[in-house]
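Each of the next two complexes has chain A plus one more chain, namely chain B in the first and chain C in the second.
Let's turn to the complex of A and B:
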């Protein structure tokens, strides 16, 4: 009996315990609360990275809650797949590790960023609930539990977005996000109901094994795709993204970026694993591709005209989500055809999955650096900012790295994943690659604008007394910078050791099913 | 035909909820629309698990019963109701805060964030 067997359950139990105990620990004062937040974040990240290591070495892990086997067998020999299971394959573990690193950075950053405010024990409780919901969505093997974790993550994020509840804008953004996300959660629940009504099971592997296309399945698929795309902030359902990202405290925005990746994970899990080739090779893939192209282009054109730093970056996240949708849509398009999959589909998926990792890191870092500017200078308005590179050299340095990565400048990691996406989308339809390239140029343009107006230029009188942010905030940003630098220096290693197993796991539907069901029902 | 009547009710409630969310301008009415959506999802789950003439799915001292309704959807529904309660409470408290800040419940006047 090896304790590492229980890693999948620990990945949920540790942040959940952290959430509820932080209310108790908070009674002991500020230092105790901060120490608790650091310990729980580090423990969660360590668990997720160990989980990734173990899954990469030993294949898919299946963990059954409170029982020995995934099915419930009656004495008469009838058996039902009704146990609560956690199933971690390489893609799940990859996502969990990526988002737990973002959560760690956000937690470090929030320690000092939030210290002017009260009710911080509630802040850390909600923060860890959000982490629990996010990790739960990524490692569960059960459709209904996916809905439950989706709601845990949503409810926690409503609270965090509206944390500064004396600001009308924050409450307004939270309400907007709440309406959108509750409606989409109900869509998910109804889709789960449809699938349950057809197959008497909510276990993803069991449903995927039995699934054959009919009206009920088509309705469920449409509901799932629409609602999860809405939650991940793709155009045309993107209107909540800029508001929520801009109004949430910066450490939380860094985590929200990772949470939107969890919805994206759900979307791909549904398309590739639950439906697989039965999803068809025209309508659903092209819907995802077109959503991707629209998100890329509309997101970036809206970003260019923004004057508020975090809002500008939030529109960029819409456009970056577009790249990921585009790449994995191309993968879905070639799922049926082994030749196309070998020619361009698999490379596109590697690009998309690598982009998920890159995007979470550099976008988290950008939001944190915007938060640092807000903390020190007291404003996020680009018309008022200027000359901050003199006062905040470290923040400026890290901002430049993140901005170069998001714009896809050659040595940086963003360039690698974008290059893979350009090459493969060109093979499908050249215009897609053109749209992706134009988006990249516009991204560069708008980050040059931010860098030039906020950090360069003459020193301003109003910012004479501005100093660099405290060390713990710099540490939070340094975590993400370090990951970006490592990814930049070793793209080949990352692609072959982390990204490729994840992409393989995503297209290997029968592997996912047999990991749970083994010999069959 | 009568066996399908509950599903029709689910559909009608769902569309009513969606209509309310999309067209109403009062925040409280939007909250009501969301509650209607939740109710229709819960009703759908319950209806899916019902078997005509079925009894309570408890084996202990059940006596002589032929069919039982499915227990899983009921467990799912209970969970969904609890989640719905949390969401509704939070939704209404946000409406309250919005009213305090803006002095109105009209969505056309609560739009400081745009562009």
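Let's turn to the complex of A and C:
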């Protein structure tokens, strides 16, 4: 048996081992702890990329925890799966690879950024627990385990957001996030309970196979959509994002961006795979589209007026989540109609999924560069900052790339995914495309403002002694910059080799079901 | 928090042992009776709460060192994940001890029986690891929450006095 069969389990086991051993390794001092953090992050990223490679080559992977064989999904004599099953299709693997790259960059960045804090072995333990929870949400094949990993990710983020313990704002942000997360996790649990009560199963494939719409299923669907949209920071429930993103240490914010993508992943997995066409083609798709448009517009208008760098970027992440919701809502809208799917639905989904990758990369980079400015200049207030391009040329260069990408300037990767979204939403309802365009213009405006006030302008006396950040922080930013440049140079290759299989996997409900259920039931 | 009266402290002296033994029982019998590592661990951890309430923080904190709890926590977690990794020859978390004889390896006969403690393989091992982790984790939480109260009241460092002396 090939060892690569164990990749889905290793993607969870390695960061979990990293978290548990951090407490022991932390005894060995600062260098050992940093080396451990780097090793585990690189190993996790390598595993996720190998997983993606293997899934793209060989189709959906299944892994049964603790069974006599890795693909023993249906125990003998039973007709439905009862064990803990990890199921990785192209969409899951795409998400896992994307988020693990963001986690790697955040880990590199945190090595020096966290120098001012104490209790760092606990920081690295929580960091890897958050990575485990995030990857678990993305590759689990089981609704209840989705809830478990959601909780692991939430609890780890409470600690990480409040890691700046002597700042009351950080504790407040963490408490706010705790309340929102707990409420949404309870919603998910109730929804899973409804489905378990109806079908005696919690495996996504098994439930999807038996699902037919009734009151219990409708309630479960509403609970799942609301709670996961809340966790990803879509507009009516976005109040936790600015606080949490702004107050968490920068490396953690980069990871939190990826974690919000894991909640989005859950939302789309529920809508496309668990419910599929039974979700109907009016209420749920239009709810997601309207949430998307509201998030885009309200997020960006709130961002334009912010005076604090990280808070401004946090509002932008609300608006970028809106693009993804809009695109995949359009995909869900055309799920029932093969003609519409071929005309615009599939392209919209490609745009949305490509935007997930782009958004994670440039948003992570923006937060890291804001953290770098804070590390060197000691303030995040745009009214005080100015003229930093002379002191921090590398950071400025990478910030410009990220800002151009998020604003959707051609030829950057953000432009490609946004163009796909404009084209396809126009086919559904022209006003949606107008809203998306206006949002993009306002995004550009606010990043011109940040760039101009923080990096350009005359040199200020107070920042005379500011120097470039240490090499490990630059390395963390360079990882993301490299990915953005590659995506910018090869958008066609990315779309056809990474994004299209992921979009196909998302609409291929029967393929997801048969990978676990085979011919059973 | 000040120490409570001599009645409370005497009852605590007697009762704490039963708490510990009952918690250990729930942990060790986790695989054949209701309960398990988490439940039993929570019972044992109430010992810390009992001591904090009955004897007051100053006395308890003078002989409890958080480092010991952290060590126990790490041990429990590492035993758990090691048991998972050792099964990876077959699958991750594979129960490689069950039915093999030796430690936790007895084969359980079909039908009603009085419960065979030396069975269930890695499940009982993991129950104990989780128990150790929960005991130390919850005790640490209680101790830190107690320290938090003292910070909140601004009484850190001021000497404490009991009711009855």
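Methods note: the second predicted complex is superposed on the first by the 508 of 521 C-alpha atoms of A that agree within 3 Å, B and C clash if a C-alpha of one lies under 4 Å from a C-alpha of the other, contacts with A are read in each partner's own complex, and residues count from 1 in each chain.
Heads up, the rule we're going with is that a residue touches a chain if its C-beta (ideal position, glycine included) is under 8 Å from a C-beta of that chain, and two chains touch if they have at least 3 such contacts.
A quick note: this is a predicted structure, and the numbers were derived from the prediction, not measured.
Asker: Check the residue A:64 against both partner chains and state whether it touches chain B (first), chain C (second), both, or neither.
Answerer: A:64 contacts chain C only, not chain B.
Asker: According to the stated criteria, A:20 is in contact with first (chain B), second (chain C), both, or neither; which is it?
Answerer: A:20 contacts chain C only, not chain B.
Asker: Check whether chain B or chain C contacts more residues of chain A in the superposed model.
Answerer: On the superposition, B touches more of the residues of chain A.
Asker: For A:6, decide between first (touching chain B), second (touching chain C), both and neither.
Answerer: A:6 contacts chain C only, not chain B.
Asker: Which residues of chain A are in contact with chain B in one complex and with chain C in the other?
Answerer: In chain A, no position sits in both the chain B and chain C interfaces.
Asker: Within their complex, state which residues of chain C touch chain A.
Answerer: Going by the criterion above, the answer is residues 70, 73-74, 77-78, 80-81, 84-85, 87-88, 90-95.
Asker: Touching residues of chain B toward chain A in the complex: what are they?
Answerer: Spelled out, the residues of chain B in touch with chain A are 14, 18, 21, 27, 30, 34, 37-38, 40-41, 44-45, 48, 70, 72-73, 76, 79-80, 83, 86-87, 90-91, 94-95, 97-98, 101-102, 110-113, 115.
Asker: Which stretch or stretches of chain A touch chain B in the complex?
Answerer: My answer: residues 82, 144, 147-148, 151, 154-155, 158-159, 162, 165, 168-169, 171-176, 178-179, 182-183, 186, 189-190, 192-193, 196-197, 200, 202, 242-243, 246-247, 302, 305-306.
Asker: Quick check on the complex: what are the chain A residues that touch chain C?
Answerer: Going through chain A, the ones touching chain C are 6, 9-10, 13, 16-17, 20-21, 23-24, 63-70, 84.
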